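The data blocks that follow each hold one structure.
Shared between the two complexes below is subunit A, which pairs with subunit B and subunit C, respectively.
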Partner chain A sequence: MNRPVKRTFFWMTVLILVCLLVFPMYIMLKISVSAPRDVFTQNPPYLVRHFTLSHFRDVLASGSVFFAPLSKSVVTALGTSVLSLLLTVPAAYAISRFRYRARYGLILVIFLTRMIPEISIALPVSITFIKGGLFDTVFGLMLAHLVRVLPISCFILVGVFSSFPKELEKQALIDGAGRLYAFFKIVLPLSLRGISVAGIFSFMFSWDEFIYASYLTLSKPTMPLKMYYYISRGNIFSSATYAVIITIPVLIFTFALQRYIRPGYLSGAMKG
Partner chain B sequence: MAEVKLEKVSKKFGELTALDQLDLFVPEGKFYVILGPSGCGKSTLLNCIAGLEEVSAGRVLLGCRDVTHRPPYRRNIAMVFQNYALYPHLSVYENIAFGLRVRKAAREEISSRVREVSRILDIEHKLNSYPRELSGGQQQRVATGRAIVRDPDLFLFDEPLSNLDAKLRIELRGEFIKLHQRLGKTIMYVTHDQVEAMSLGEAVVVLREGRVEQISPPRELYHDPGTLFVAGFIGTPPMNVLSMEVGFDGGPVLAEEGIRIELPERFGSGLEPYQDGRVYFGFRPAAARTIKEGGQMNGRVVYTESLGEETYARVDVGSEREVTVARRGDIPGDCAQVGVEIDEKRMFFFDENGNRIKI
Partner chain C sequence: MNRLLSFFPLLARRARKKHFELICILPLLIFLCVLTVVPIARTVLLSLEPVEGNGLTMSHYRELFAQEGFRLAMFHTVSIAFLSLSIEIGLGFLFALILSKSSRVIRFLRPVFILPLAIPTAVVGVMMSYLFSGQGWINRILMDLGVLNEPVYWMSGGWRSIVMVSLADSWKVTPIVMLILLSGLQSIDPVLYKAARIDGAGVFYTFRRITLPLLVPSITAAVIIRGVDAFRIFAVPLILMGQNLKVIGTFAYLEYQEYNNPYTSAASSVILLGMILCAVLIYLKTAGRKGIAGA
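Take a look at the complex of A and B:
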């Protein structure tokens, strides 16, 4: 095949894939800004005929019905990512300093918790949480989300710390720093990008988490639960609107992440 | 200031033995160069002295202190790595000041020391730059500045010049010598570059497979190598080495497939134990010359190469054996038949284990 044909083929493939991925999101967005008569017809149009922001207005006007789940989701997600970093930064740093084989083994063990389906482990977890008084609390939900988040965060950070140039750390030790001082003054500041990637991943995992939230919640739902509430009642406009609101931070963070994951940051430290 | 003493130091990485019961003594204030091929344990040796690697056995002494099990920060050693390891998120000033800040030095002291050091190394105008904005030579200077700023007992340099181009390397080599004269501190300097070793060191430690092969002043290393390994490793072009059979025909004779070298009578007693056995016969290219006729060997010139001051001829002396010989005067060029005259005072003999046979 000659080059122009190849290029056309390539871009065609990309276009088809993008359409497949974006189309459901488009439908979600479309419903959230369409008047009901655009949706409740025999043949719903693909384009928005009657644009309206009334669904968003309704959701925002519903007061604590909307803002209570929003704040619970935000607080839980933020708390989960902060807690996960507090736990996984030291853990991953330690693991990354093991020899390669030991490191691999430890990561496998950490991922063992992910091998059990959440749907089956959530029940015993929630029973334990009820006994511990953590049922229907933000902190309890954070702990449950950590089960999900810690292995991923740890995995990312082991990669970050493993690729950290050993010489810089050695140099700090030679310069008279203890291990902790070297970690806080040299390793940590230079690994901030990797750490923020792990933090954002943790946030997003917690943000749209559903299973633990549904097991551990009675009266104070999170955003995904609220959305499910509307779906189960057939209110597709509210659920689409909630879906859009849930999606926005995920989109923003994904774009931010894409900028963060960039090589060449440590250039200038090493020669050769 | 401190002398360095290693007693039976071993370092193993799993199955691999990097240092093998190594003994070494570096007197106070001396500039010692550790020289050896890659993988001989040079860098491991420095790491063990610095405390970055725990030794598997043996003792490390600095001055009179046994520091074998002390962490690096309790050894007061400075080390410069091959890739400089400058902190990329800190300015040049902060890079140099780091070691002082760790020790919680006073602000004024840090400032005056950093400025003094940067003046010595001529990087004053770069104090606010970041490492990535510096040239290779400047990065090297910052790394050196970071080492000297906090007045350590011992300096360790791990191939600090190997990432620079040839011209800069020679320039900075001179600066290292001046620096040593100014500071008067003990320096251990690792390199695989024999020219660097010969020009810098007051003594050169040749390392081979985790053991000390020879410790000598550079001139002695060249003119009086203790082993075949040292003889072959030091000197450019390398020493000519021929494996020969020892015989006696009136006087001592070395023979091998058509090559026959008659040696002076006085070598007889030294070579007698090796009669009918084999020895390695070595001579430096500069200790031999091509002549029109005669000499100990003769052969055909394969090619000549000019290294500026000197010109060397590659001579085929028979049986696909070639030697490199200094070419003097208006000697015929390629393919000419020549004699090779070797300076009798500069002939070397080694036994089959590579140990020098003193004659």
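Take a look at the complex of A and C:
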């Protein structure tokens, strides 16, 4: 094969892949802004022919049907990320100060919790919560979401604290500062960026969570559950609109954090 | 605490030196213990508990294996895991090779390649239902292109639905595989390629003798991380197929939520946990042996 042929072949592949990646999202967006006659026909058009915002207006006008799940999702996600930071910031700091073998072992143990199928945690947790009165509450859901969020937050933070210059901290200790003082006055303020990245990831992983939410809610659904409700009712426009609304914040965060999304965080925590 | 520890002098000395770290890390470990180890133990116990009376029983497991639905769910889980993992590794490798090219257009397109990661799994289910339904867009496009004469009913169950769920899942998670493999590709020393070129090695020879062997650790990481998730697949099959094509995850869920039977639900999730552990062990063993043979 000569060069030009090779190059066209390469760019054709890239083009096809990009289309495959974008097309499903395009269809979802298109349905959420199309008039029903664009969708319920034998051959729906590829482009939006009759643009409408009425589906969004309907969803927003449905009042507490929409705003209750929204606020539950937002409150749960915010609470989950705050709680996860409270638990993982000190722990990750400690892990990053251990020697290699202890650090590696602890990270592995925390990673192993990701291997457990969520359904086998969700079932007993939901039974306990029904007995303990935490079922169908925001706090109960936060606790369950933490199981999913903590390992990820911990990985990111171990990476953050491992790359913190140890000399700075040592200097403070030599100058007579206590461990706590050094941690709060030196390590924490200088690691705020990394910590906020961990917080945002925690938010995202709680925001779109589906399994624990479906085991632990009955009358007060979160956004993904509300969307599932519309799917099972066959309401194509509401489900598409909800899907778009759920996706928007995650999409914005992902783009903002693009350069942090790399498995290097994992290996960074392991090697360090 | 200190007095207790002083029975073990070495441990006590270590603990005293590290007490700050221990206090930092304990809350996390206790929390993880309470919300993972305890629930797992409870699930196992629940799966062995008789509906009435005391003692332990295997009857829930016997009941499960007697059900054709459960045997099918096991088969579906394994075949979807294999199929989606193969698609993801293959495509992820292709993506990674493309993105490792240093070109301005490629750099510009990078966000597009990781975009699906940002789509919530439940939303992926919704999108895919628009694509794969009988009147959906896949059929539409394939018919417009003249590949198909009549629509394929992806949601009618059987192997078609297995393929559909695998494709839908792969769409979402191929970027993760790509990222893992890409970081592996980028850590290969470019000097090796240069040396190979100077020695007159062809593209395929270089790929087979340099790229592939040096990527083995990344591939192993990708297979394990993704393989575990492939077995745990839940939201996509639930939204796309519901009762019509169950994997163990959705089987356990429906067993509890629809049929109100926590015992069989617990038993099936214990089986799923066992399957995951087996798969990881088998893979580590075979891949480990291959690694030794290659060295």
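Points worth noting:
Keep in mind that, in the parts below, the second predicted complex is superposed on the first by the 241 of 272 C-alpha atoms of A that agree within 3 Å, B and C clash if a C-alpha of one lies under 4 Å from a C-alpha of the other, contacts with A are read in each partner's own complex, and residues count from 1 in each chain.
Note that in this section a contact is a pair of C-beta atoms (placed from the backbone, for glycine too) under 8 Å apart; a residue touches a chain by one contact, two chains touch by 3 or more.
The model shown is predicted, which means the values in this text are computed figures rather than measured ones.
Looking at the shared chain after the overlay, A:Ala91 reaches subunit C, while subunit B stays out of its contact range.
Touch criterion met: A:Ile27 reaches subunit C, while subunit B stays clear of it. Look at A:Leu53: by the touch rule set out above, it reaches neither subunit B nor subunit C.
Of the two partner chains placed by the overlay, only subunit C lies in contact with A:Thr247; subunit B stays clear of it. Contacts of A:Leu106 after superposition on the shared chain: subunit C is touched, whereas subunit B is not. Judged by the touch definition given at the top, the superposed model places A:Ile211 against subunit C, while subunit B stays out of reach. One of subunit B and subunit C touches more residues of subunit A, and that partner is C. Judged by the touch definition given at the top, the superposed model places A:Val65 against neither subunit B nor subunit C. Judged by the touch definition given at the top, the superposed model places A:Cys19 against neither subunit B nor subunit C. In the superposition on chain A, the residues of subunit A contacted by subunit B and by subunit C overlap at 267.
Of all residues in subunit C, only 20-25, 27-29, 31-32, 35-36, 38-40, 42-43, 46, 94-95, 98, 106, 109-131, 137, 140, 171, 176, 179-180, 183, 221, 228, 231-232, 234-235, 239, 242, 249, 252-253, 256-257, 262, 265-266, 269-270, 272-273, 276-277, 280 touch subunit A in the complex they form. Put simply, subunit B touches subunit A in their complex at residues 50-52, 71-73, 76-79, 81-89, 98-99, 102-103, 130-134, 136, 139, 146, 150, 162-163. Subunit A makes touch with subunit C in their complex at residues 10, 13-14, 17-18, 20-25, 27-28, 31, 43-44, 87-88, 90-91, 93-95, 97-98, 106, 110, 113-121, 123-125, 127-128, 143-144, 146-147, 150, 154, 179-180, 207-208, 210-211, 214-215, 224, 227-228, 231-232, 236, 239-240, 243, 246-247, 250-251, 253-255, 258, 261-264, 267.
On the subunit A side of its complex with subunit B, the touching residues are 165, 167-168, 170-178, 181, 185-186, 189-190, 266-272.
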